[in-house]
Structures are given as C-alpha cells and as structure tokens.
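In this document, chain identifiers A, B, C, D, E and F correspond to the written order of the chains, with residue numbering beginning at 1 in each.
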C-alpha cells in the first residue's frame, strides 16, 4: 500500500513579494523546487505539498537563529493538523535548517507519525556512507544554524566541517545579494556559475583538508547543485557522494513509515507519560 | 557604576487564571519568586522585571518542546526592545528550560548586550565547581528539555544525569497535579514535603550512582528547594554545592556586563557579517 | 521501477546437521526466518535469497570473533558475484553480528551497489528515533561482537549498553543449550518463555538504568522477539521502539538504492583510486 | 557588602634581579601589571595583593612544567594562610599557567573560600561566549603548560588550538630574549610591535583555520595585548571577544563569592570526608 | 646488555616515625614493598632504589592534592640527578598517585631517559588488555587524585570507574586508621581481611555495573592485593586481569629503554626548543 | 628465563612469485625484513619466525579491506596451533594493518598467551610518549585500513592524522608501482629517495598542521624508514620519536609475557564463559 506523505514548506513569501515563486494554485509539482531531482522517489507514494506559513519577515529569506525559530513555531499547527488528521503516514519538513523539527517530532510521536527534515536526513544518510561529512552552505548566519543542528543531532564527531560559499540570501538590507536559487537557471542553461565553482572549491577543500568523505548541502536554495557538484567532483577524480535534502528526507520518511517507527516516546515524552524514568544519561 | 539588568519572565498567566500569581502592579520584588534567595545579589545593580509574554497555553505550565519553543519566540520582541533601548547592560531570561535563549543571545550580540539564562548559567557555574553535575527536575517532558539543553550547550561530558522527581506541572489535563511552586509554603512552614524528600533522594542517587559532584535544579518551580536541598545533603554528610537558576543567572549577567562581553559575533553572526570564514569545525 | 535486492544468509548448516532448517529447494519465503515480520517490505521489490556459505564449524552457531571473521570472509565471493552481475540494486547481508560487512561494502562501492547489514541498519535507524539505544543480545561472546561493531560504526556515544539474556547458542560443547530461534514456536503457541521474560527484564533495565530510549536486537536468532518485546514494553507503559535487523536492513537497502548511493569511495577506496588525499582525520 | 579579594602573585623576582619590577612597598596598584585594564572591576571590592613566593629560578621566568609545579607548591602556604585567616571572601591566583591551582582549590574548599586562576577563568568565560576558543601564547614550553591545563580542565572539545607567537621568556640561557611584558610600553607609545603583529596573525589563523570564535591569552606577560588585539581584530572585521586573565579571574572570584560557592567537596574531598562514594565516573 | 633502572620512592618517613618501614641501610630488596610480586622482573636489569625525599607531612601518608604536589616537586631533584648522571637507562617513579610524573618526564626527555610511573603504567597496560579498566582505591581524597590522573592521561573513555574501599591512610588526625599496607601480613598469614573482601566486592561491582574488563590498584599501599584479588575474582568465575603498579612500571621502563624512546620532545618541549609549531590541537 | 616468542608473517608470496623474497630455508634472521633495526631486542628471547599463509592474491600485496580480512583469517590456524602447543610465551603478528589481530587475541586469551600486532603496538607506545601521533602510510586503500584500526582500538582522540605518501603497493593491475620495500636498498646505498622525502614532508606536515608529537609507520613495507625519518626530522629540529612496528610489537610481547597478562577474558569471552555480565557499556 503506498505511503501517504505530506511535504510542508518552511514558509512562503506573500503573493506580492518579488521573491514569491509559484502560485498556490500551481500543480503540486510546480510548487516544489528541483522536482526533477527527486520526483521519481514520490512515484510510489501518495503525496501533497503544504505551502507552510507565510513568512513574517517580508522580502527576507530565513537565515538567522531568530528567523529560524520563528518560522519553526509557525509551522507547528500545520504539523499538528496533518498528524491528527489520520491522512498521512509521514510528514516531510521541507527547507534547509530544519526549523521546528524537534517540536514537530514531538507532535508526530503522539500520533505515531514520523516527521523528517532535510538536514537531519542528509546527515543521517551521510553517516551511513562513510566516516565524515561536510556541509556546503551559503552564509555565516546560515552556517551557524547548520552548526547548531550538528551539535543538537549529536553528529559533531561525524561532521568534518561546515564550509561557506559566501552567498548570503536576499533580504532588503542586502539589495545586491545573489539569488542563489535563481542561479540554477544559469547552470541549467549551460553557463558558468561562480557560485557553483565556489561550492566545488569548498567541497574539494573539505575532502583534502577537513577529512570529509561525503558532502551535504546546507541551505535548500542550493540543493539544485547536487548533481552538478557530484559530477564535477567525480570528474576531478573524487568518488564522493553528494546529497541534497529533499530526496534524503523523502526516503527517510518512507523508511520510517514502512517500519512503523515515528520517534521514541522516551526521547519525546508526552506531557501525560504513563511511565517515568528516575534518570536520563548522555 | 551599577550595572542595569532587565529580568524577563518566560511567560505570565492571564490575570483570570487560577495559576496567576502576582498582580502586574505589585512591586518588582513581589513579582519574583523566591526573592529572599537572591535579592541581595541585585542590591548593587539597577534592575527591573518584565512580565514576559502572556502564555498562549491557558492554564498550563510550559513543559513540552513545542511549548518551550513557542514562548521562546514570543519573548524575543521583548529582548529586542530591551537591547535596542540602550537602557540595560544585560538581560536575564528568567525561568527554567531557557526558552528562546540562543535566539535572544543573537539579538544581544548585535547590541553588545549580554543575555543570560538560568539553565545555561547554572551549568556554567556547576562546571566551575567540580567535575560533573546532575539536574534535579520535575517531569519526563521537562527532563528532556533539560537534556536537550545539555546537548546544545555541549555539556554532555560534564552532566552526570538528569534526575526526575515525578512532579509534572499543573495543566487542565492533569487536574490533580501538585503545584510544586506552592509546595514552598509547606516547607517554609516547617512541614514535611514529599517532593523535597524525593529531590533529596534523587540528589543522593546522583551523587552515589551517577558521579555528580554538584547539583542544579531544572524547573524554576523548584528553585525554592536550593537552600533546603543543600542543607539536607550537608546534614547527610555530602559537601556538595546546590545551585538554582536566578542567582546563577544574575551573577553571570553581572560578570559579562562587567567584562563588556556579550557573545561571540562569530558564534552568533549578523546577517550582514563583515567578514566570513571559509570553514567552521567542531 | 522496483528495486532488486539480493539477501545473503551469513552461513548455512550442512543438510545433515540437526541445526539445518529449511531445505535449499524450499521457497525463498520459507528459507527466511520470521518472514511474517518483514515480508511486506519486500512486496515492492524483486528479491531473492542466497544461502550463503556452508558454515565451517559443524553444528555450531557463529558466536566468537574468529567464527564471525571466518564466515565473513567466506561470504565475500558471493557478494562479489552479486555486485558484478548487474542483477541487483542492493545486497542485504542477513544475520546478526554483520560478518564481512566492511569488506562487502568495499566490494559494493566498486560496483555502485549498496550493501547493508542488520546490526548497522538497526543502529542507524535507532539513532534516528532518539538519543540512545541498547542492544538486547544472547551471550557473552556474541555481546562482545556487538560491542565491537558499536565501536567500529562509531556509535559509542549513542549506545547505552549491550544487555545479555544469557542464552548462549547451541554448539556441541554446550549440549543443553537452548535453541533460541526455536523458542519462537513456544511464544507463537501462546506459552510463557523464560527467554522472552529475560529480554523484557533487560530492556526495562536498559531503559531505567542505562538511558536507552530505543531497543535493538543483537543475534538474529532472537529477531523474532521484536513484536513481543515491543508489546510487552508498551503494556508496561514504555513508549519505546524495538527494532529487528531484517526489516531495518531491507528498508535501508531500498533507501540507498533509491538514492543511488552505495558507499563513499573515499571511505572505501579502490586499490586504483584516481585521486588521493594527503591526510585523513578522525 | 563589598567582597574581600586577595590577589596572590605567582612568584616575585628577588629585589636585585634585573627582572624585578615593582618595589614591595609600592602601592598595591603599582604592583599589578596592566592595572588600567581591570582596576575598575576591583572598585566595588576590598582587595590586596600578595607578592607570592620569591621564585627559586633566579633570573628566569617560569615556563617549563617543572618550574610551574615548583612555584605552584611554594604558593600554597600563602593560600592556606589567606583562607584560614577569615579575612578574604575569595583568593585570586595571578599569573598565566595557573601554578598550584588544583591544590589551592582543595585548600579553599576546606574553608569555604573560592580560589580562582587566570587560565581557568578565561576558558570558563570564553566557553560562555561561543563554541570554541584559541589560546594565543608565547613559547613551545609555555604552550604545553596551557595545553595540559585545557586537558585537566576538560575543555579539549572547546579549545580550538593553542597558538604560538614564538616569544620565549627571558632566562639566562636565552640572553637575547624579548621581554614581552616590556613590549607593552612600545605599543603604549604608539609604535609598531612585531610581537603584537604576530599575535594578530595567529589569532586570525585561529579564527579562519582552527574554528576559534573567541581568543584568550596564555602567558600573563602578554595580557596587556587584550585591548590592542581586540581592536585590531575588530578593525579587520572579526567580531570576536578577546579575554585576558586578571579581569576574568577577578569577575569569577566575585561571582563565586557572591554565590557563596567555593568548590565541590566531592571533587576536592577532605582527608576526613564525612561521607564516601563507592564509585566515581567520568 | 642489561638495562639500568633507578627506582625512586615517592617519599620516606623520618627514621623516628612509627610509619618508618625499612632502614635505609637495609638491602635494596628489603626497601621495596611486595618484592616477591615483581622482583623477577628486575632480574635481567641492573637496578637500585633511591629513598626519595623525606616526606614533609610528619606521620601522614600522602593523600591530598596538596600533599601529592608537594612530594612530587621534592622528588624532582633526584630525577634530575639520576637523568644527568648517565648511570641509568630509565627511571621508575614508585608509589601510587604518580607525584611529579609530568615534570619528571620533562626532565627525562632532555636527557633521553624514559621516566615511568605506576598509575600511568597500569592504565597503559590495562588499555592493552581490554576495553575499560576500573581503579580500586583507598579513600575519597586518594580517589580524586586517581581521577585527575585519568583525565590528565586522557584515559576518560577507557576508565570505567574509580572504586573506593573506604580505607583512608593513617595520619595523626585519624588515629584509628587501618594501616592498609600492614594488612598484607594478615592475608599472608591466611587470615580473613575485611579490606580485601571489600576490594573483591568493589572489583565485582566494577565488572558487573561499570563495565570494567580489567582492574588496576590505586594506592601503592594496596598493591599487595594484586595476586589475592586476581585469585578471588578468577575463583568467582571472572577471567579478569588485575594489575599493580610496580611490575607495570618496571616493564614499561624496560620497554621504553629497549626502544630508546623517552618522551616526545614536542609534548615536553625544552625551554630552548630548536623548532616551534604555530599551533597545537587536541 | 628467556621468553619464547613466535613471530608469524602475515602472508608469504609463492616461491615462483617475482615478489617472493627469502627462501623458506633461509635463516630465521634472513626471513625478517630490517632485522638490523630490532634484532637486538630478540637477543634475550628464544624466538622463531613462521612464514604465515601463502597469500591467495597472487602477485599482489595485501592492501584492501577484503585482502586484509582474508589473510587475517588464514593466519588464525597458525596462531591457534602456536598458542595450543605450549611452546610459546607470546605470539607476534608481523606486518602492518594487523590482519586477524582481534581474532588472534581471542585465541591467545583462551591459552593465556599474549598476542600482539604491529599497528596496535606502535599506537600504544606512541600514546605513552606524547599527546597525539600521526601515521605515515603508503596509499589510499592502506590508509583506510589504518584509519579503521585507529577507530577499533579507540585511539581516535590520540591520532592526529593518517598521512599518505602515495606509493601504492605492487600488484598486477599496477605494473609500474614502486616496490617500496626495495627502496630501502636505495637509501642504504646513500642515494636520494623520493619516497623518503615524501615521508619526511608528510611527517613535518603532521607535526606542524595536525598536532602530531610522535610518528608511526603504517605499512610494514616502509618500516625500514624509521631511523632515516627520525634522523631527518631531528636534523630539521623536531625532537619527535618515530616508531616502526616490529620493535614495538616485540617489546610489547615481552612486556605482556613478563607480566603474565594475555588479554581480558571479559573483552574476549570464551564461548563457554563461566560468568556473564548483564550489561556492557562504552
């Protein structure tokens, strides 16, 4: 029986925003970036995509700790509704930086519905493939969100580094910022991309200097780089896997739904837990 | 010159709530629990207390991951206003569980204003005093919030255990729950308290079984236990320091304000960081 | 397109052995223990089961380091043949203790074929679900094999304990040994099982004393316990996931096959690696 | 009530030594290096400075393991006397390298008097401010003393590196050695300092290569660099805190004295401990 | 060519002390405790025993941090003289708690003479034999000295626990204290010993509760227990190695002398190091 | 009484192989590479050398995970015979990469015969000498074998790096490969060696960049470099010990044989262990 997955966007720009992408009445496929990269993984599922909350920061991408926490909390009611509806076998939190993931897992646990997120899924898969992974990511602020996820998810021994390509996301205070998602079109058109070059350079530095043997991508706005980056690294002689978040998260959602495993009720206890433990250790 | 501290409550119950404590027009001292424990530490400062946001969960204490994240985000505008006002040398986030702490530090860093929180301050001070601390705390759900703070703050090697006294906080779904804060009056009146007895038992188990050599308290609703717990443990022969959150946080705020140190701008980068680092490591 | 999985047994007893189970000409389903537990996970795949090498230890189960290493090496030619054949999208190494896993992954990497194993898959999934897992396992010798896998797979911080139920596997030198796999029939018949009772007791001890929030099973001869153990623990009030190896490994194989990811070529370099790194770090 | 602090020098040169600095009958302020950096932190205290033992190494600064251990032991009687006198609320051990610190804390614990030291205080404060700190320090031998303090204080995960500026301290066998403390006058006079330039270079390397997000200074002879180094780094765009030992130690002493916390009696047990624990763990 | 070893006592009681053991003019064999345990290991060496410094604490054994540091420094001139003399191929620091070991190694490095100590040698050998060792030791204060050695020697992941048998060493303030060294005669005479029984009990607890798979002894005053403890544990079914300090240290001294390896000059740099490294990491 | 050591080769080339070195009827000394480096360490022992299994890989050196596992298993019967014979006090497994070591220790434990191996011995000795060691090694594939040994032996915190000199071992698929063992003759003849130069360069990088304070050699085919590398590094001013495997292993074998310690029976349990432990921890 096909598993039913709800993909929830981290946030949406208002329709009148210059950063607004796909109309809400576009097809579900059109509302997902880079669909060609992972669409086939959804073929054996029943799925839909939820637009997520309207971002409260105007024409700014989410990049700071405060912005991540805020949209994370705004997404929780949607997670709660999805889990309570009985309509979904798993919830996939889209976007890099995993806003609201821990809280959403707590909700999912109560309903027996696995909830997955892109950075967590990538790190988990990367840890399956080798000894250490590095994160290629966009900016100082976003890097530190990734850094803190590595600590929270207890991957500090498995993460070789977070590497920055210095491409801070567009926001009003940064008028000339490169729209890194839009750079995809440049590369698709076969043209050179300084951003992609930098990602290649940092990935090679991660391999040669930091000890990385797999590469993951931090911000969802650069997930499109996955096949290009992998091809470039392979061409340079590095047999290194490169992961992006949506495919990793979708596959992890299917795995957990198939196993019937959401999250440990001891790690995410109910407020009315039936049993309690005298002690917890690290 | 005395340092100016703003203490911000994690959240306030609505005035018509049975859990509502002190009227907002009460004196600043009356609006702080256990003032006799740490009031003298404020004597050389200029201070005020902000009521924090009205909690959005009705007659429920904050206890789950979702609840902590939510009130944490609600407190951020108050932190931002305080830091931007130029009126304060440091901000003290009251309450156990440190809701919104990382995000508030990010704000503080931008204004050069140190922001401190109770669990973080207790763990930092405990780590000064010995090798390993244990957390005595109220319930499964609250325990796991503490657990996750230990991980995030990178104290896993210094935390011997989180110990539970099984006193879940009052909420409508838990009508018979003990009001642990109210138990203070019982003890102040010289009567026996099962809760305090349990805290003593768990602290002794932490010392004898888990390797703790100092004790901190998890939920602010049991901070009043500090002197009682310390006395009982000393009477039992254990020369073990017991800390509570408000005094630790106030002193840490003064220390940081005196040193003129808020937080590292590299750990909490601005979205318009002037310099960027190619890599971050763990 | 359905993924094609080859499941390879760790070893087979000789047809004349009293421990010989299913005839080689039995259906593929009949040749797999506990098929009812995970058979549905194979429904969307094309799969077969390979009998593995005939074990060189007579009527002894594999339990010591030397025995594991020996059957591990004997299984490698089968892995090599499967990977080279182009007939399989992934190889699933059956059995607890993961004999030959690292070497088999090395082979798989050369052919772009993911190879998975039961203990590694269980630990990986358990780490997705909570903070720490414990291993319930059969005997001192088998425990230490599991212990060493935890170290090799770098899960020491995530493994709360390896717990023993003192059920050493049958071997000639141990004539009265309980056939733990056969105990399944006892439980299926609704009768009490001391072995299962011990597993429950050790799992509860793992939860209450060691800090485990999920449970995995060590030896494949007790994989049948999964649903029983989970039910018993849930009945006791513990919302704790229990995993067994075959389902975890099958799902992990599908995930990796779907993502097109075998193993990092840097972690498992070819002898004719095209590029080399000056240094590797931990 | 102001706290009473006794600051104890690590050692003093003999009056006839060319390295002898301030006469013992100079004012307490004059007997402290870099007083302008931290003097204001003492304003709300009652304090005095003890000259410490006369160093037994002639015209050599303390730099090797043996020298540190020796002056550390020589300072203990002064700590004991200060703690037993009832005249002091805290003892501040001056100097880098923290000679005798663990032993002095043991003494302080018996009298309920907190004892603090410069490296320990800097590391503790640095850990409050970010993820990782680096130590800028003078020479190979002194570096390894700092290295060993990091290990003993259990900060290995929080220390990014110890960085050397290759300025070994004056000793007879090293006639041309730069007097690094004296270099302060050069910088105060507005002239260029190669030493300071090197400290800036190593601090930038610590930030860019080692992952440091705060900087501490190792040897007290370069504590004067703090404001200069911070200014230079800020001018280069790095929002990184730089700490020196005296201010950190003074503030930590005040914090501990205010909290009434000396050290854990379990970490520093009396020889006549009233209770004992069967086991200690790490 | 036989290696030449100088064994240096940690300290000696004054001749008029009731704790004074062997006259200084006794044979070298008579001046060593438990010679029958390890004497054969010296048979292929040329050796002598140095009485060490006269302990400055009267009729007290060394047990606290301050006492250890003090006798450690007092032993350094003897180490220096021995290393400089050219007469010895290695120096063995006798006694538990390793007073002055790091400083003595620094001296030895300068002369190319390996210096070994009992706790360090035991831990090193124990780590060769299994996964984790526990320390059986005498008292709270002595335990914490051992604890700190484990941290300094970076064995925290390999040490399961320090276990206490509550036998504080004789000192004037403790008139009824058991002379644990003297208890050897009781056991040699075939009589029951409560102390030894406790050591057995704690060793079994270390095995069953803490995960120890080898046992070392902390205080040299209980080194005599080694064969008895091992025999008792083997009789109870535990195939666990038990080590004492003198034999481990003697063998480690021979190994290092044979290999011509003293200590790394980078870990213990000379004050006039010829080369320096820009950074040191952990 | 001299200890009796059996040295077992990892594998031997067939007599008709171009890589075949010493005839089996050569003297025991002639059958050992670099005998002049460590022969004196055998002088006080009774020893012999066993040729090991004939390698099943034709004219290929062992370099991949699969090759190591295979020869490791082939060597076990020889270890078993040696241990059971009662003729040997210790077994020394020759060769880098330690094939079959864990399994051989399990055998040795049953007979009370210590079994040692070259990489394990080098790492153990290196850890005695300083804080961190680096491994200088030949090729990507061999590097990762060393990497995995570091993980298995739990030396990740003590190993600064594995450094590669890019000298893959001869095999038919690599016709032009340098015979690194044969390069010894070049250096012995006083001629320049690019390989040795590279080893020096990587060792210096390990010291200056990775934090190594001692150096060990990975593949036995470069063990001959030890004195040359040490001399070159000392000449460059680095007082750094360099170790090779045979001498370290021989000395460790003598140490363990002298102490009468094989391996912990709890770490390497018999299949008929007399006692069992409920839990094992990390």
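A few points about this structure:
In this section, a contact is a pair of C-beta atoms (placed from the backbone, for glycine too) under 8 Å apart; a residue touches a chain by one contact, two chains touch by 3 or more.
What you see is a predicted model; the values in this text were computed from it and never measured.
Connectivity of the assembly in the absence of subunit B: the other chains, held in place, remain one touching piece.
As for how the two copies subunit C and subunit F face one another, over half of their interface residue numbers coincide.
Each chain gets a centre from the mean of its Cα atoms; the one farthest from the centre of subunit C is D. Superposition on CA atoms relates subunit B and subunit F by a rotation of 180 degrees, given as a multiple of 5.
One inter-chain figure worth recording: subunit D and subunit E are separated by 31 Å, centre to centre, where each centre is the mean of the chain's CA atoms.
Rounded to a whole number, the gap between the C-alpha centres of subunit B and subunit C is 44 angstrom. Note on chain placement: the centre of subunit A and the centre of subunit E lie 54 Å apart, centres being C-alpha means. Counting only residues that touch two or more partner chains, subunit F has 131, 147, 154, 156-157, 160, 210, 266-270, 273, 277-282. Within the complex, the subunit A residues that touch subunit C are 41, 44, 109, 124-125, 127-132, 154, 157-158, 160, 207-208, 210-214, 236-241, 243, 247-248, 251-252, 254-256, 258-259, 261-270, 273-275, 277-282. Interface residues of subunit F facing subunit C in the complex, by the touch rule stated above, are 63-66, 69-70, 72-73, 76, 100, 102-103, 106-107, 139-141, 143-144, 147-148, 150-152, 154, 156-157, 159-164, 166, 168, 171, 173-174, 202, 205-206, 209-210, 266-273, 276-282.
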